[in-house]
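Two complexes are shown next, each including subunit A; its partner changes from subunit B in the first to subunit C in the second.
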Partner chain A sequence: MKRKAAKANKDPESEKDPHLRESLNDVRFAVFAILLRFLFSSYLYDWARERVELVTPVFSYEQLLDDLEMKKDGLPLYTFPHFHNAPMMMWIYSSVSYFGKHSVLAFSCLLDVSVAWLLKWTADAVKSKKEGEAAGCGRWLFRTYLFNPITIASCAICSLSTLYNFLAALSAYLFFSGCLMGYVVVLGIWTSWTVYPAILFNILFVLDLPKRQLGIYLGVGLAVVTAISSVHFWSQGSLEFLDSSYFYMLTFKDITPNVGLYWYFFVQVFDHFREFYVLTFMTFYWFVPVPLTMSIRGDPHLLFWLFLLLSSVFFPSPTLNTATVVFSLWPIFLKRYGEYWRYTLLIVATIVTCVTLMPVMWHMWMVSSSGNANFYFGVTLTYNIAMIYMVIDGTFVYFRDQTNDYFKDWKSRHMGFAYAFH
Partner chain B sequence: MIYLLLVLTFRIASGLETYNERLDIKTLEKGRVHAKFTFLTSKDIIDNDFILFPRVLDQLVEKYNVHRFVLTMQQGRWRREWNEPPQPASPIGAQLLVYFKTKNATEAEKNFSSLVEAANGLFCTSLSSLTVTAVSPELPVLEKKSFELTTRYGIVSKETTCTENLSQLRKLLPCKSSGLSVFLHPSKLYDSLFHSLSVSINSSCEEIKCRRSIEFELSVVFKTPADGWLLSRLFDSQFSEKCSVAESSKVTVSHDPISDKVKPSGKELEKGVYEYDFSVWTKGADLEVETPSFKNSSIVQSAGIRIWSTLGGLSQHSGELRISVKNLGKAGNNVVISQIVPYFVRVHYNSLMVKCRSASSRVREKVFKASKAPKSSLLIQYNLEIDETDTCILHIPLEKSLLRINDYTPDANHGMYIPGAIATFLQIKNDLNGGYAVHSNAVLVALPVPDFSMPFNVICFVATTLAVCFSPIHTFSTLWISPDIPKSVMVKKIYRGCLLMLLALSLYAHFNNSNLHDLRRFISAYLQKLNELK
Partner chain C sequence: MAIRLFLPKGTTKGPAFLDKILRLRKTLYPLLIMASLYYAKIVLSPENMELTRVSEHALMPGLVTSRFDRPGLTMQLANDLKKLNGSKTQQKFVCDFFRELGVNCHEQKWSVDLPSEKLEGRNAYAWVRAPRATGVEAMLVAVRLGSSDSRIAALSHVLSFASYANEQVYWARDIVFVFVDGASKMEAIVGFDAFLSSYHLVKNPAVAADPLHEDGGFLIAATVYEMAPKQKDAKKCVLSAKLNGINGQQPNLDLFNSAVRIMNREHHSCDMQIYGISSNRGLRESSRWLLPIRALYTQAFVSDEGLHSVMGKYGLQGLTIGLAHSFNPTQAAQFMEAMARTLNNALERLHQSYFMYILGDDSHFSSIGFYIPIIILLIVPLLIKAYYEWTEMGGFELPPHVPVAHVFGAALFLWSRWCLENFKSRAALASIPNFPYFDFVDASRRTENVIFEFDMSLVITLVFIVPWGTFMRRMGKVSSDGAASLRMFIVLEAALVLGALSLLNFGLAFSVAVLAVPTFLLATKRSTQSSENLVRGLPLVLCHPLFLASVFLSVVRPLFYKNTKPFDVDTIPELTSQMLREHVLLGSHGFALFALFAVPLSNLCFTVATINCSGLVKADRKLSEEEMESKNVVAKTTE
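Presenting the complex of A and B:
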């Protein structure tokens, strides 16, 4: 009754101010989302934590708990072959879990809700820059992120990917709102955790910054990475963390089943070709941003989104949750490049199908033994191909958009969808 | 020749080198007879002549700086009703325990690898996997540990023991075809319920006199007729002549003094135990034991502990290893449980648990130890204090990992073995001659397996996916995109028309339930008709 009364009191006020009304609405959604996460955590925790699609060695909370416990018992962590956590994560989560198990869940929920808000602000930042574009998009970004079942499940099992998403959303917001200093600092922190987002530094090159400023930004980014690494080094007293966290990711050592591209490949590949393929894949990942940076110079936002996408597709131990920020930011570009997107339906349908099929295939492989590893691998491969089609389509729309600028006078003619590369 | 004989007699008489052989035979239950051979050779360390003592073993021990070396091989299960198993306790498969006279762990590790390979050559075993899977226990395993030494310990669960191991050991004995070693007849020894073979090499010092000794032990449980057994029938061989270099050569027979008849009767050591001196045994003479009314209930239970392992969990992904320990109260309360966890399962440290029924049972000490080396094992040790007649369960939640295709054993779907746990007593209440340990059963784990048949396909698929990603990016960034005016619309229309026709045709065929064979049959019939028309 009291709440109703409060609502009734506030209603006329909020009618006056649509801004306030919307943010109140947001708060309501956020509270509901948090409730949903707590409910999920209390009823489906055991089911969700067994899901390999949501838990990988890098993002596993259970693993982190094990590591914290071992650290507490004074065991030499780096002798354990399953230890892959960056020391930074250990500090953050040991200080959070100091207040008990539920504090970690609360922390995750807080992160998740702030991701949603950051995404909303990101969309708003785009709107304010280019008039009329992406209007009303932010609200939907906010809701789709908060009520995405993947984010709910990941948050409920306190997966570290929530923190990953927070860093992604924070850097997106800082970049889209033009706060480049903050952007490089966040990127530095993020890079010193999962390495792969380092390609996001490339965007600085397309911003037409004065050379001095560019140097400063890059220097700050590098300084943050070095600072964190050296703090790690000083606290551990050895360089062993490099091997167990960074090289583990860079050399594709992770062969536990996940939704990535590489795990099954490195299970199957012949021993004497392993080094070759590791080098090939590494070169591939670190080289792909170069042509993209050189050619997509007109739209740094799109480039940011593409790099975010690349870093979540080609990460060796990704979870479904590492791509949710990318999905949530997609509407901005869907709106910006409207009709040029070719495979939207195909991509969305494939991803939805794959995500639903993953637990089924997993069950068939692991539990009922009615299928084999290829079933699960097939689904993850298709999921990755769908993501890669997002990259392809994202690149395409930019060039297609540019054609319109170049061939304005052709526009009057009926051209349909015919185009060619010359 | 005479000189040699004289030297030999002198050496034996002065105790520079000694050799003792012994055979203990005991009825375990109705129709189950346990025979235990013990061949003990020892010599002074400073002495450099090797007449009885196998020089090759001495060199092995000297070179790798070994203080104590225990190798056991076992086949068949030691049943709980038979009371405590022969010591050193052995798991099914092979087991190696080595104490090095060094505190340097890396040096010990290096020596251990070489020692394993050398032992493989000497005893015809295949223990090479131990070079990576062996662990360095911190709490005692199998027996009380002297703490200045570095220990390496490992189990190979799948190793089988066979005639070749026995013949290798026989070669190292001073008397190969006389004395008690005539009974080492493989055809009988391996046709048994239980077979355990152990080699222990020891260096021990009393004041300034240091001795090195080798003890070969062979325990066999035979299936015999319920009413008794004959010595010659038991081993399928006859005693021929005494071993002249043996200091003693004894056979003891334990029996029920009331109901059993032993012919001939020997020197009575204690009630129900006859001892025979086989250095004066006549050639061809036999020993006969009749057990017409042996009752299983007459066996006194004296085992101190029961331990067994089980694996829980439905899927090939996760599970829980449970080690149950029941203290039967005959050998004290203080037990060390050691479990070697191989590399292919991952243990959740946070949820390791010991649950006991009684509240006063507790964990005294816990060891959790791993090594960074690839494929090395994890060691979990618990020093427990278990109340008498209490049962404690050690829960080890684990995750089975997917391995690289080359790391699977040939029959991958069979699964892989987690070695059994070892329960070691630290303080023995009853006198059980030093150490007392029991092994639990090894556990078979069904690991998740990849599809072995298609590595090429997987490589192709993943590489193609990467190419699918890269090629458009390459195209977009190197070429211009421009509007294209289609030149010929006609060709395209015809092409599309053909496709549509094909589609319609196939749909028609599908809904008429016609298949290719029908079609072919129809065509051939039609052709035939045409022919007939001609």
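Presenting the complex of A and C:
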């Protein structure tokens, strides 16, 4: 009793204000999450940095360090085949790493915690369709992102994917909260680093914006991309960076094993078919958003999430961390569309199983020799299929919801199915 | 379909056959477990197993005619080694011998400098280079140094074979001869691991080893030679083979098959002993299942079978062959020659045959395709249980107990490692000068301030055994959905871990699953009766992984291994200590699996059992009161 009383006296402000109490709780969780990341980095850095599920040439911090050293020696970076980052990444990380490895880790932790908060604010910005009730899953998003083992491991090894996640979360927050100008600027920056998020510009077309305003937003986005590319050009003095950082991704040159779809395919395919398949995959990726944009006009938030998902699945050298922001945003739509989701258990169980089996298959392939590349690719393929099922199910729930609205009167009049509606 | 789309839950409702399975689940649980055991009985019976065959035809085992003809040299070497008597080390003797042959020989120092483990040794190694090859590939022959008769015999056989091999011109790949130092078996394994880690440029944090002066290319395979156990009948020809590596890894079956083929061609009357049992069923009086059971047991629990145990870590295919005591020097060296020439023929890395198998005897094996249904049948009840919980819950909630239990398990894991790296077997609580501060110090650093001493392995064991899960229920109220989610999470995680483990170490997965699956089903049974849950929670104390493993090793092991130490209280800390030691020194995954998965799951079982006792019942009661109130309000409004 005494202890309870002391506790009550100790923090009267927080007792009065539930929001303050929740914020304090969030801070505690964030501190604990940072501690976990530092501990992970201290004990498991060497193990985690070699995991292909967490590191690819595009997101490798170790690779970036090598490149920074080469840059210090005055070597032309973009003439080397292994360098794939836009010059702006070099500036950011060369500034951050000035104070050593721990400063980069601190920077990654800061980004990761910011992502968690941005996701929480994103969820809070969404209003449930049911009588304006708040979606209320912000706390859930915040904690799941902070304590997701994948984000912990990626942050602990200072993976560059943390920075990309920050941009994804920031663009999600700006879009969900209606700050479109900020959204297109962030999207422009993000697109100028990896081309794939450009499909997210499509969402502007479903927002019922006046034509002039739409033109302004698209123009600003394009201007940001052009400005950053120009800065890259002026800083490098040549267009060599285009091939290493952009065409490298668009032509699937990276065939080192990763959790993506393409590496195994391009290892197997005959060289004379390569160009055909590159063109096919590129066409597919850039045109799939068109029918989706035309169909899902009633829910831009869902469309944003689906595009984010698509850009994670079809990114040529992804890591598991590439999809964590998408997974974290999922509960918003699980809540919004309720029981229309058909494959939730199947998808979650498949993804968790695949993530667990990836190191096992890698061990069987590389260490014990009891497996081969097919084993590892089989698991990554299943993982990607599960994510594609998320896209399918996400599209389905929208149409199911539309069907409900459209046939509501007809069904209750002719079929007596009024009880079917929630 | 169209109508179903509009119904409540729409297409989210599962297929009808799943509903039937859910209705029959209580019957299916024991039925599936029994089906698994019955299937294991069938599939592990040697009569039902496949016949072994050499899949890589290029090996041509037993087809070459061995030509070794220097028995005198072997005998002379054995005599010289016996006469050493400390005048010079065996390493120096070995290197002098190789230098006389014109072959470079080097020594490699290695040491382990942990407070609880002080080991050191000096390996010797020499390269017989292939005159017509580029040196991109090599094979390895290893033998332990030592002064016992059997060690000297094995050593002299290998040295005389090396002398013969050095003069042959047909080698397609280099041969590295490694002479491993180490008084005990564990010490020798660590020493050999030191050589392999230096060879592969891998850093082993626990072992400091000199870099190699000379190295070669990719090691295609390795054979370790020793003398087979002595037989009562001295004329009886018995060879032995040891296969199991650390973390359940086994060499490619072609390697073992080649050894058996060579033995059968040259020495018809000989018998191959596997896991200490004669593989000739005509000669064997024991049960036909004894050999597969020992195969599973060894794979699951024996990390230090021999020098070959650590080869798997480096992707090296290797086994230990015990040469028959009845072999004369020519026969022994000709066996080695035949093995070396077989491996010399390999076209590429050994991959044609199986890596995952259970041997029934030297000519029968069960491959993964046949035995994996055993574990699948054991896991299915867990999956049914998970699906049942999913269908019963209103909405998924991730209870905080799950991450907390795992973070706690990870913290215990790191703490245990830290203890091994910083303390000897005994530690002490001491007060340091600035009272009232205390510090844990190594007991060997005796000061007058020591308050009390304790055994580190006992403390680690006690920390692991405490059912922390019972305290975790106080972390907050859990709704009935939260409890259902927790139950689902426990069984799903268990199924996933067992499934993944079965691909790496089937023996361990099977041994654990047989005990764990009924435990998980019992612990996650739905009930709102406090008394029932309390009764159910009690056996959970006895089902702690450490306790189960100790009882298994003490009670079940004697059924297929004689001379097993009977169970006493010390067995449990000894087991913890051994797991931790093997983890730090050899890189065994056993302790990591135990701390990161087994202990958290066990704690979560306690949590879910005790939540039912208190939290859930109270929560449900509160919920039902609220429901009653809301009903009253509705009734009043209607009136």
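Here is the rule we go by: the second predicted complex is superposed on the first by the 391 of 422 C-alpha atoms of A that agree within 3 Å, B and C clash if a C-alpha of one lies under 4 Å from a C-alpha of the other, contacts with A are read in each partner's own complex, and residues count from 1 in each chain.
Heads up, the rule we're going with is that a residue touches a chain if its C-beta (ideal position, glycine included) is under 8 Å from a C-beta of that chain, and two chains touch if they have at least 3 such contacts.
Because the structure is a prediction, the values reported are computed rather than measured.
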| item | value |
| --- | --- |
| Touching partner for A:Met294 - first (subunit B), second (subunit C), both, neither | first |
| Touching partner for A:Tyr340 - first (subunit B), second (subunit C), both, neither | second |
| Subunit B versus subunit C as contact partner of A:Thr403, first or second or both or neither | both |
| First (subunit B), second (subunit C), both or neither touched by A:Asp17 | neither |
| Comparing the two partners subunit B and subunit C, which touches a greater set of residues in subunit A | B |
| Partner chain in contact with A:Met366 - subunit B first, subunit C second, else both or neither | both |
| Which of subunit B and subunit C A:Glu275 touches, first, second, both or neither | neither |
| Intersection of the subunit A residues that touch subunit B with those that touch subunit C | 366-367, 369, 372, 400, 403, 407, 415, 419-420, 422 |
| Residue numbers on subunit A that touch subunit B, as the complex places them | 50, 52, 62, 65-66, 69-70, 73, 75, 78-82, 255-257, 261-271, 281, 284, 288, 291-292, 294-295, 313, 365-367, 369, 372-374, 377, 381, 384-385, 388, 391-392, 395-396, 399-400, 402-403, 406-407, 410, 415, 418-422 |
| Residue numbers on subunit C that touch subunit A, as the complex places them | 3, 5-12, 249, 252, 312-313, 315, 317, 349-351, 355-356, 387, 390, 398, 403, 407, 414, 492, 496-497, 499-500, 503-504 |
| Residue numbers on subunit B that touch subunit A, as the complex places them | 314-318, 343, 346, 348-350, 368-372, 374, 376, 378, 401-406, 448-451, 454-455, 458-459, 461-462, 465-466, 468-470, 472-486 |
| In the complex with subunit C, residue positions of subunit A that touch it | 36, 39, 43, 140, 144, 147, 339-342, 345, 349, 352-353, 356-357, 360, 363-364, 366-370, 372, 400, 403, 407, 411, 415, 417, 419-420, 422 |
